[in-house]
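Note that the chains are named A, B, C, D, E and F in the order they appear, and that numbering of residues resets to 1 at the start of each chain.
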């Protein structure tokens, strides 16, 4: 039995509130149960130095936990003067995941930055961030298309991410904090609408797992991402 | 006529939603119109080095704007590796304002940190932060008193803050972003329930002002803070 | 009775020594009693990025305490790798105060940086800095006008600053360190020749104050600034 | 045909030179073809703050590329004043991988740091680092056991890591730089002697992959790690 | 002929004003011609971590140029967030030079920090700093001895430093900025009263020099340091 | 008797292995006994900002110790976020020494960076770095000349460096770590083929030395550098 009473392949409630803030070109509050992340998409009509002159755009992400998103207060990275390795690892993952479904040529020479700020954490903040970031990116691109700045849709497919893991010997989907902190193995999958994998990351904590374990986790992830794809569709009115 | 159509002494709608997040000992979302700040109060059973062994507590604050709280995206301070002078100035002001109404001896040797994270900005983020921080602090102290960790109330009075300024020659209350960016003079007052001043800061931008101008701004601030005191009372169920 | 034996509205001796160092376009040692600040004005024929192409100039300031300007040695900010919040707050105040009396259009596309380095501290370092910075700026602008680089005077009025406070219940002018560290309320006023206010900042420490208190402090500040204006005139030979 | 002329499941030559430097408790130069990493294991009789008083040890890693390990010179992280996200991600992976096979209780309250400095890079620097780090750790632990400081072996199993990827549609093992920079998908597997997985990380670059693709990569990784386990055995004289 | 009209072995006027500031245990303004350095000695009753528990004291130094000590304004190291290599090199040299004449055992477990802040630069700032730092240290130690905190004098000998160089083929003493910037070789000698060398640093700039050149520079340095020793004696009333 | 059994004027074995790594334009592993430094020369077709538009090139150096190059592990500068004063002092010395023998005009508008990474330390790392850097620079320049990018040789003479010191009262050449840590005086000389001095740095540690001591050290340095010049010739096949 899971602490939350959920079935092994049961996700927490997903909520994606669009236009949560008013200034950004795309803005959502994405909730996977008690995990709540504010994601904004900001469009800038310039690209970073390494992309200049290629006639292509760029999609990047930044990630942060508010200091008291967690059970005990963590120190503020701006006050410490540097981002942790964990933060950098997560924001690199979010950026790669979104770029995996974006046609940078069709985006044109502009950059879209996805800011993922965790308001409240209860496990799965990086997967909620990726899943919500797709909606924010979709909204921002819709805006650019509505203004005629982009002609062909550079974002033809959805991307979603979900965590799963092995807890007390059983493979479970969408771990909350309690499960996550005691998991034997912990995985994050980033899946693309249609069945392909953009990213798979699985880590053994204490115990290890084998090929069969990896496949079981992947199958759970497919179940979870189908749920998220539906919620994304609903959020963008598709 | 003000851009928002408000009367000179008319505030924007104030909303203070308590328990906005679940982990913090005190948590509010405070809204002054479109300005929205998440404030959490975190209790730690230790004090900073300079306060050790005095038998007193400490109240401090940190402040941050989410990168896209504003019209155009600002760079993330954690990514730049340092907090701006503006950020530091504001968080010092918030901390002083709350300490002005807290009896540190009665608080006991513990620290309460008020994290003020601006979700959406439309002028007056520092004054909304102070006003909301009082509610978060009140909730955290109520919790400590309910557990018997504090016997005598260390927070007998309320504190609130409001901006006012001279815009197109007229003194107005609670400036939004449009007014703020074109103001001739810009002031922030931190007032204590009962009429005393904790902080007064008035800056001429372009034009200057005289003693009479300063007094007019102060009188507007009294009107505004009375409104905020009422909203604070309502939020904490007083 | 004040520790120094001064009357409540009595300032310390003001001394402004011009051309204290030889390289800067303007250079003064300003002394308010035992508080001694070296201020230099450096002219550069370029403006910061945010001012480029506007046909206007810029005036900015930097502030620092020498490590042993104080009773006990403070750590060197260059060695710690960052400027404190206090330092940044003060240098922002100095810059704003000088810009309040400078016509940036008449200055032309050049920047003048006012470096305020506190050689010895005994209270009031920021107000001495502002008061001395005006003299250094005046000297630098005189030089530019003498060379024909500026035609119309961009600095038609003087600016001065002074601290005042409530100590043992009495409003007093120009606090020294002993008074400052025990003050109930502490204010800094930046006044413009002719009577207008550029900045007013008043903070309650422990006790608070009311409108009448604020006005009494402002009236003392007027007395002080008149003294400083006279000293500035004498220093520049006006 | 692969650029190197290798078969799809053919690794580059592996060389592990022990005692490459003389001061460290364990030291190896590990070469996967032209990728050369110097790994040292340093034993310290103290643990980091978060592990104190638990009666357990800690194993951690740091990773760095020499500036000219690569085709064009990269800037030195010490000179830039911070480690890149990539560096931090890799050193976190190395540390987790080694801890996956270390019994921290049996290690006792001491820390072993594995410094992985890339002398020359030609793809696969993180997997060569992990594979070499196991040998350096083994040597350091052998030394502690020989001195009687550790009684029971805390490192009963080997760990190895290898990259594989999909290049021009074909799954290939142990990518060199040319293959890596043009791969459709890129994966790193950390495998434990006996068949279990410690870490699996697979990223699509441009193209994506499916379950079958993931399994094909994992099978290649098993072939590669068996080769590495043999080289590790030879290096430590097992 | 030297630009200043001085003879090759002629120093600039040396002035050492003691008690230039009032808080420090030792304080001097040392002038070598137009080079002016404020040096303070600060006594702290604790030693840095690497010296704890040895029953010995420590003498260290910090060095900084005020931004406009030079012909054109240099950026402030505190604002840039790090000390330059030049600054660190100089402050390490000052510290070593003073420790060369201090008996750390007799000093007892306390630290004396010598802060050398260059008010105005015209060549030779490091040598003026060392020469003035000795006086500040002497004054601080005299104070400790007068209070009975130190019994035996830990500073029995003087130390002084001077620059010399080869300019237009001729060896000259005490280079000012014009000579320094065009010198073929540039040397700094730190000499101890009685004739021994604490430090010798000679650098060829463009041209090089030989053994005879090095000896000629050393002989000039002896002439200069004798002059400085006399000025130090006069300053401390010896 | 020296700990190593060497005669006072006897150097350790010198080994210079060229082409130690494959990507750099010049690459050597230089060994002075157990001190081993990897030096690479990287050519870039641009110069730093302060050299632009002069029609001249630049030669610069960076230096680093691998964390476990030494007896006990030192912390990694990239992880600490800054280079130590010692590191900066050494890399400035290496750069100056190489520039002393390079004709920057003949080099053309390009920069050559010499990265000196100490693999293993046993005293004399800076002098081994300089001596090896000359070989790496020579190889890089040979490559530029072979491609016809440089016509006239900008490096007509060799430069080498060696440490010497006074240990137990005796002047000795090429100190290893044991001697270095107990030396009374410690000197580094950078000598140019033909007999001139580029740099001389001599520091008394505890004891001091006189003119005769300085000359004795310089004579030892000549013996050492002649040995190094021969090894350099052999390495480059001259």
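Definition applied: a residue touches a chain if its C-beta (ideal position, glycine included) is under 8 Å from a C-beta of that chain, and two chains touch if they have at least 3 such contacts.
Chain by chain, the UniProt names read as follows: A, B, C, D, E, F = Ribonuclease PH.
Because the structure is predicted, anything quoted here is derived from the model rather than measured.
**Q** List every chain that touches both subunit A (Ribonuclease PH) and subunit F (Ribonuclease PH).
**A** Both-contact set = D.
**Q** Within the chain touch network, how many edges lie on the shortest path between subunit D (Ribonuclease PH) and subunit F (Ribonuclease PH)?
**A** The fewest touching-chain steps linking subunit D (Ribonuclease PH) to subunit F (Ribonuclease PH) number 1.
**Q** Fewest touch steps from subunit B (Ribonuclease PH) to subunit E (Ribonuclease PH)?
**A** Tracing touching chains, the least step count from subunit B (Ribonuclease PH) to subunit E (Ribonuclease PH) comes to 2.
**Q** If you take the mean of the Cα atoms for each chain, which one ends up farthest from subunit C (Ribonuclease PH)?
**A** Result for max centroid distance from subunit C (Ribonuclease PH) is chain D.
**Q** What's the rotation, in steps of 5°, that superposes subunit A (Ribonuclease PH)'s Cα atoms on subunit C (Ribonuclease PH)?
**A** 120
**Q** Report same or different for the subunit A (Ribonuclease PH) and subunit B (Ribonuclease PH) interface, where same means the shared residue numbers exceed half of all residue numbers found there.
**A** same
**Q** Can you compute the centre-to-centre distance for subunit B (Ribonuclease PH) and subunit D (Ribonuclease PH), using the mean CA position of each chain? Integer Å is fine.
**A** It comes to 50 Å between the two C-alpha centres.
**Q** How many angstrom lie between the CA centroids of subunit A (Ribonuclease PH) and subunit E (Ribonuclease PH), rounded to a whole number?
**A** 59
**Q** From the mean C-alpha coordinate of subunit E (Ribonuclease PH) to that of subunit F (Ribonuclease PH), what's the distance rounded to whole Å?
**A** The computed centroid separation for subunit E (Ribonuclease PH) versus subunit F (Ribonuclease PH) comes out at 28 Å.
**Q** Give me the residue numbers in subunit B (Ribonuclease PH) that touch at least two other chains, ranges are fine.
**A** Counting only residues that touch two or more other chains, subunit B (Ribonuclease PH) contributes 81-82.
**Q** How does the ring run, chain by chain, when subunit A (Ribonuclease PH) comes first and subunit D (Ribonuclease PH) comes next?
**A** A, D, F, E, C, B
**Q** Looking at the complex, which residues from subunit F (Ribonuclease PH) come into contact with subunit D (Ribonuclease PH)?
**A** 21-24, 27, 34, 36, 38, 40, 42, 44, 62, 64, 66-73, 76-79, 81-83, 87, 113, 115, 117, 119-121
**Q** Would you pull the subunit B (Ribonuclease PH) residues touching subunit C (Ribonuclease PH) in the complex into a rising list?
**A** Its residues touching subunit C (Ribonuclease PH) are 82, 84-86, 88-89, 91-92, 96, 100, 187, 192, 195-204, 208-211, 213-215, 218.
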